[in-house]
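Beneath this line is the structure, given in structure tokens, with notes to follow.
Read from first to last, the chains carry the letters A, B, C and D; within each, the first residue is number 1.
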Amino acid sequence: MPNFALQLLNLLAAIMLLITFAMLSQRRPLSLNRLFTLHGVVLVLSSLLVAYVTGNSHLYYSAGLTLAIKVVLIPWIIHKVIIRLKAESDVDTLINVPTTMLIGIVLVIIAFNLAMPIAQLSTSITSGILGIALACILLSFMMILIRSKAMPQVIGFLTMENGLFFAATAATSGMPMIVELGVALSVVGGTLILGVFMFHIREQYDDLDIDHLENRKED
Amino acid sequence: MNNLSSYLWQILELILAVAAAPLLTGWVNQCRAWLQNKTAPSVFLPHRTLHKLFHKDSVVAENASPLFRMEPYIVFGCMALACGIIPTLSTDLPLSPAADAIALVGLFALGRMFISLAAVDIGTGFGTMGGRREMFIGFIAEPALLMVLFSSSLISKSTLLTSIVANLTSQDLIIHPSMAFAAVAFVMVLLAENARIPVDNPATHLELTMIHEALLLEYSGRSLALMEWAASIKLLAYFCIGIALFLPWGISSVNTPFALLLSLLILTVKLVVVGALLAVLEIVSAKFRIFRVPEFLATAFLIAVIGMLVHFLLGA
Amino acid sequence: MTDLVSLDYILLAVSGWLIIGACGLFAIKRRGGISYVLYPTGAAIGIALCGLGIYSALGGTQTCILSIGLPDLQFHLRLDSLSSYFLFVLGMVSTGVSLYSIGYFRKEEETPLGLICLEYHVCLASMAMILISDDAYVFMVAWETMSLTATFLVMANHSDPEVRYAGFLYFLISHIGALALLLCFGLLQANTGNYTFANMREQHLDLLWASITFFLAFFGFGAKAGILPLHIWLPEAHPAAPSPISALMSAFVLKTGVYGFLRITFDLLQIQVWWWGVIALTVGLITALFGVVLSATQTDMKRLLAYSSIENIGLMFTGIGLTIIFHAYDMNGMAALSLTATLYHVASHAAFKSLLFLGTGAVLHATGERNLGKLGGLMRFMPWTAWAALIGVLAAAGLPPLGGFVSEWLLIQSFLLTPGLPNSVLNMLIPIVAGVIVLVGAIAAYVMVKFFGVIFLGQPREQKLNQAHDANIWERFGFGWLVAACLMLGFFPVQLTLVIDRVTSFLVGEGIGTTVASNGLLLLAPVASHRASYMPLVFVGVLLACCLLAYVLVRRFYHGRLRQSIPWACGYPFQTSKMQDTAEGLGQPIRHIFGNFFRITRELPSEFDKNPRYRISVEDPFWSMLYRPIAVITEYASRAVGMLQHGRISIYLLYSLATLMLLLLVVT
Amino acid sequence: MDSLFLVILAIPLLGSMLMGLIGHRELAPEVNTGLSLGTMIAVVILSMEVLSTGPSFAFGESFHVDSLNGLLITLTAFVGLTTSLFSRSYMRVERDIGRMTSVRMRIYHSMYQLFMFTMLLALLTNNIGILWVAMEIATLAAVLLVSIYRTAAALEAAWKYFILCGVGISLALFGTILIYLAAERQLGGSTSAFLWTNLNAVKMQLEPAIMSIAFVFLLVGYGTKMGLVPLHSWLADAHAEGPTPVSAVLSGLLLNVALYTVLRFKVLADGSMQNGLPGKMLVGFGLITVLVATFSLSRQKDVKRMFSYSSIEHIGLMTFAFGLGGPIATYAGLLHMTVHSLVKSAIFFTVGHACQKAGTQIIADIRGLVKVSPTVGWGLVVGSLAILGMPPFGVFASEFLIITTSMQELPWATPILLLGLGVAFATIFSFVQSMAFGETTAKPLAHPPALLPVFIHLGLALMLGLYIPPYLNEWFGQAVKIITG
């Protein structure tokens, strides 16, 4: 694999990580959604690049699929839902942003340390990519964890899926088509269901505040 | 040796003991009277009393159960049997293996149980109280008595009174310190079991303090007579147990008329002496409150235990 | 095999009981069928088992394997003298109880009669299975089935919360015991992975593990038998259950604990250590004393009997403890003697305690009262019950010439023999223990006077008692059988001793049978005829002779005139039935002496009281000492765990993240 | 062979579409039962063949059945069938009391079939990627089923279920990717690197460093669906708020499937790591799970919630057993899996009827079941006793084996287990007793309760406790060989 392409891939990975951090700190749902779209775009680019480099034809399909779902469909749905539910207002995080950042950095370090041995052993093209993918996953995990509203949690969840996809394509130079299809399918299904859910939650308590969803507990 | 004659002698002894039992009571009362500077009644007063009672109508409470009616006979039977088991004159008794010392205690307990049940039966306040106290004293006295029997059976390796006696008489005179303790304990138990001062006053009818009298309260006529008789047999039985345990010398081991006559004399002497001693004991001591009695008997128990420990420590 | 050996017959009996139970379930509402067909059949099986037990106890050991159970651990069954003896006792008790049940289970209990019939017979069958089981699995299965059915029987009248509570308590404690037993078996097989008893007999555990096993067994079986401080369920469960059930439980369910303890201590464990015996003896003794003292203070007739069962179980464990001590110093002759005493007591207690419980059942049906304070004078209205109860009472009081006395006598004899022990401290202490045993026996007599006197004698304390009706004919049959058992046990000790001889020689290697037999069939001389002897028949004969003689003579002397009148009572007028001594009153001396055995709460009326009431309640101290703290601790733990379930989804996610990180840390 | 697989998977899949259309009709429940019956028959035929001819593949190598998943598909199809029987009367009552609209009936029936489909797919597929997809879809279906009442509680439960299991399952996907990474070298970067059979063949060469990390991700991921403590937080809510048939299948089947998945990966991880670490992890999880679950029991007020905690406890026991490894423990684990599914679903059946009678799920308000309807009451009592490990039911057999084995393998763990069992016993029995006995105010139902399933299940459990038929024993034995390798 040409050195240049590798650097390009690393660059994309870095951008991805950056976007994830941005999402971690982003308060406004709509812009969060835009960032998510951007995230998707980077994902598409990276898989195109890998496809081009490895000449692995089905990765083109998977890139197209990702474009369709993660860049067009899902952001659109989310946008609609946000507008419909008037959930544009700021979402305050449970932990303040600087702390979040610090924890995020810690997570990144952990991720890299975890990925290092694997990457060395792996035959495939990448070294740091896997680490970044894992970092994205952990960061979005974190994002779900610290948001107090339903919508950002969903977005965080989807970002996690992105991270996984990135790991799948970039790190392993593409999983078999059937699997990716299944994964994509389930992601769409999930998003749809979540969309429906939002409305139900909204019906129950007229906002999307997660605090309402904390009544089932051992008292 | 279980030939016919021994059976005959057995029966003879039994009858003799039963018949002579009231004499002992009479004797003790006589001594008491003397010691109290009263004019003493005759020794035969108890016999006369029995005779008189037997000739009276007996009045039975209308709500008395059959148990109440049967009870005097049962108690009398128990005490008589006891006399048959205890070696009074000779140790060659065909009846003695029927029950050893422990069974003897059981026998007395049987009698006590029936007495108390009968007392409870009529359902008057005093009767139930008496029954309660009787059982209550009984269950503290029994362990003490058993401890006494233990320490003597430890020496002679047997719980059969006859073989204890045989054992003690056969060997030449050894002082068993443990027996001293046992003797003291036994006397205390004897006082309690036979309703003597300081535990109970056979002469009083002050309702709240009486035990033995409260049990007989509802009996009259022949039943009362039987009960009183049984009581004096019991006293005799206890004396004989004591004698058998602590001064067995003179109890013959064979059933020849001469030997028996001799031992009868010796026994009489012993009884006279012991009876007098009992009287003295009763005179010098005052009656306890009912709840001092447990302490009294507990002391007896402990003394017996100490006796046994002494037996072990001195390595007999 | 072509000809049936007795083990097969016993399996037949077991399956017979199971079938009867099933029929009961199908005929669930047909009272007549259940009463007049099923229970009598069950009783017949009981009689058969009784005979079989004796027969096979004298016969040899038999084993067989049923091809059911776990694939690598099928049902192993074994019939040896120990199990045969207990089978005999089971047969004896169950016959009486079944006969009685024919008459007892007439009016609809809250549980349908058919269901009770099912549970009752399955309980019997499972107990028989316990006795013949020869591997851990079938033992546990039978064991738990017994607890299960017993629990449901206890809860037969479940609308009363106290009854439900009692059932729960019983089930819980016996299940905890069962868990201990599971551990115990796990240790016994010593990592061979083979759970047959045969294999366990092969294993030789070292002292530490043997001791742990022993104490696990002590705990587990003690929980079933009602050893302190695990007795707590017993005084709750017995009053709650219908009387035949209380009878069965007290008479045999408790005994299964004794059986299991004997089985493990002397059969499966290859070593005995003297201090095990000391501990068993001490605990047993405390149990006995505690039980009898508390029973003396009870005011509920069935609670009173329940505590007295605790006392008797205590005596049995004392005997076992002594046996262990003797066996550990391989003085097997004496071990045999004390073991004989214990086993004899198993039988006699089974007989008289079931008799007494059945008696309370009749009283309960006649009056609907369990509270001694509301009974009295029933001997006039229900003579059959009263006389039967009288026999039971005499036996329970340990008085000659009945069964209870023989066992106590043997026990005391074995204590008298301790001076032979090589351990001087024990030599000095154990005779004192004998003293305590006599004390227990004497207090038991006191308790029995209280029981019989307050229920059957005196004047009725309530108006309604005058309508009390006596036990019906079938119930009388039940009484009759058990009365006969009590008398037999009292009159023919030698014969039963000869049976027990096989058991002891199987367990401790020696028996007193030869010595006993050498003195003829009338004289019971456990050691030697010159050391101690007891001839019940002669005893009774002479006693009766004396009584009759006295009777006849008095009548000859004297015209049989007799006057009826109101009680004299020292001439005090207006003595009502309320002035009789109450149950509390009869408990008073005991409370006075053993005050620190229990928690007493008094309610003394103040002098300005309009209607003054004096109330005193005696509580089992172990509640506050042991059980409440445990409950509190568990409660605390569960609250702490509850904190985990916080409701916040972020917290939950944090859990997963933390877990993930932790595990990653572990693997790298 | 292919056709058989096709039938097994097609019936529920098409069934769910069909039900989506007609699920609200009067006869829909019967159709639902019919579909499950069809699946059942096909599955039985398949597993018979497996028993006779041994493991086999279909559609190339993408589907694979051996005695392990043969056992589980049979169990799944069977419990699915009985549950559909139960839900006939249950759901009718629900509709009568207006908790189910016709739309919801359609969703319910369709999702029920879809749920069955995903589980069968997850069990039958040989491709760990597809396995993941199946689990994901199962989650989605379950979410819809749990949230079907649309109450606040139901929504919350479903939401938590979705988020927690979604996150979990994503972690599992990462684990799957890692395994793919590890397998690439031996099997080349194609579908073949995803096939469990191939992976199993080369498990010795798989890179331990990667496999260990992968196994952690998979364990945490699928462990969330198993309800291992501390990943269990969703489980009680989901069981309590959904319709009872759903609780039954969640407890009885989904947990098994998740456990099965973990087992498959444990086989691989054991093969490559060779240090028994996976087993240790499972043991640890098992112990913690048992303890926490049992101690949580006593604070429950909702009966379904309580029994879901008991499910957690039993999953913990199974995990512990499989963690111990070794033929006996594994055998016990499988046996426990089977018996627990049977008994627990039976319990949920009775609980469902009980709650409908009493009109509440609050334990304190349910009283005297044996009086108002003896069969339901005694069914509940007997079922709970069975689940508490009372002989002679099968649960006791498996627990006996587990405990006795652990006494040899890990003596220190045994008292902990027993403590847990004791506490569970005390709590559950006291609750059940208070529900079954005593006075009552409950009223009889419009539709007769479906108690046939209950007694079939309990009967089977009873049989397994007293007598395990040889062929079944043989079957278990083969499955054990697969797991222990």
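Here is the rule we go by: contacts are C-beta pairs under 8 Å (C-beta built on N, C-alpha and C of every residue); 3 or more make two chains touch, one makes a residue touch a chain.
Given the structure is predicted, the values throughout are model-derived calculations rather than measurements.
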| item | value |
| --- | --- |
| Interface with the most contact pairs, given as the two chains involved | B-C |
| Interchain centroid distance [CA atoms averaged], subunit A/subunit D, Å | 31 |
| Mean-CA-position distance for subunit C and subunit B (Å) | 36 |
| Separation of mean Cα positions, subunit B and subunit A [Å, integer] | 102 |
| Averaged-CA centre spacing for the pair subunit D and subunit C, given as whole angstrom | 44 |
| Shared interface positions of subunit C, touching two or more other chains | 641-642, 644-645, 649, 653, 664, 668 |
| For subunit A, residues that touch 2 or more chains besides their own | 114, 117, 141, 144, 213-216, 218-219 |
| Residues of subunit D whose C-beta touches two or more other chains | 159-160, 163, 167, 171, 209, 213, 236, 296, 299 |
| Contact graph of the chains (line, ring, star, complete, other) | other |
| Pairwise chain contacts under the document criterion | A-C, A-D, B-C, C-D |
| Subunit D contact footprint on subunit A (complex, rising order) | 114, 117-118, 121-124, 130, 134, 137, 141, 144, 150, 153, 157, 160-161, 164, 167-168, 171-176, 178-179, 182-183, 185-186, 189-190, 193-194, 197, 200-201, 204-205, 212-216, 218-219 |
| Residues on subunit C engaged by subunit B in the complex (per definition of touch) | 376-377, 379-380, 386, 390, 394, 397-400, 405, 409, 412-413, 416, 419, 424, 427-428, 431-432, 434-436, 438-439, 441-443, 445-446, 448-449, 452-454, 456-459, 523, 525, 529-535, 538-539, 542-548, 550-551, 554, 557-558, 561-570, 572, 575, 577, 579-581, 585-586, 589, 592-593 |
| Of subunit C, residues touching subunit A in the complex | 641-650, 653-654, 657, 661, 664, 668 |
| Subunit C contact footprint on subunit D (complex, rising order) | 159-160, 163-164, 167-168, 171, 209, 212-213, 215-217, 219-220, 224, 229-231, 233-234, 236, 277, 281, 292, 295-299, 328, 368, 370, 385, 390-392, 396-397, 400-401, 403-404, 407-408, 414-415, 418, 421-423, 425-426, 429-430, 433-434, 437-439, 465-468, 470, 473 |
| Contact footprint of subunit D on subunit C as seen in their complex | 68-71, 137, 140-145, 148, 155, 158-159, 161, 164, 167-168, 171-172, 175-176, 179, 182-183, 185-187, 189, 191, 193, 195, 634-635, 637-642, 644-645, 649, 652-653, 655-656, 658-660, 663-664, 666-668 |
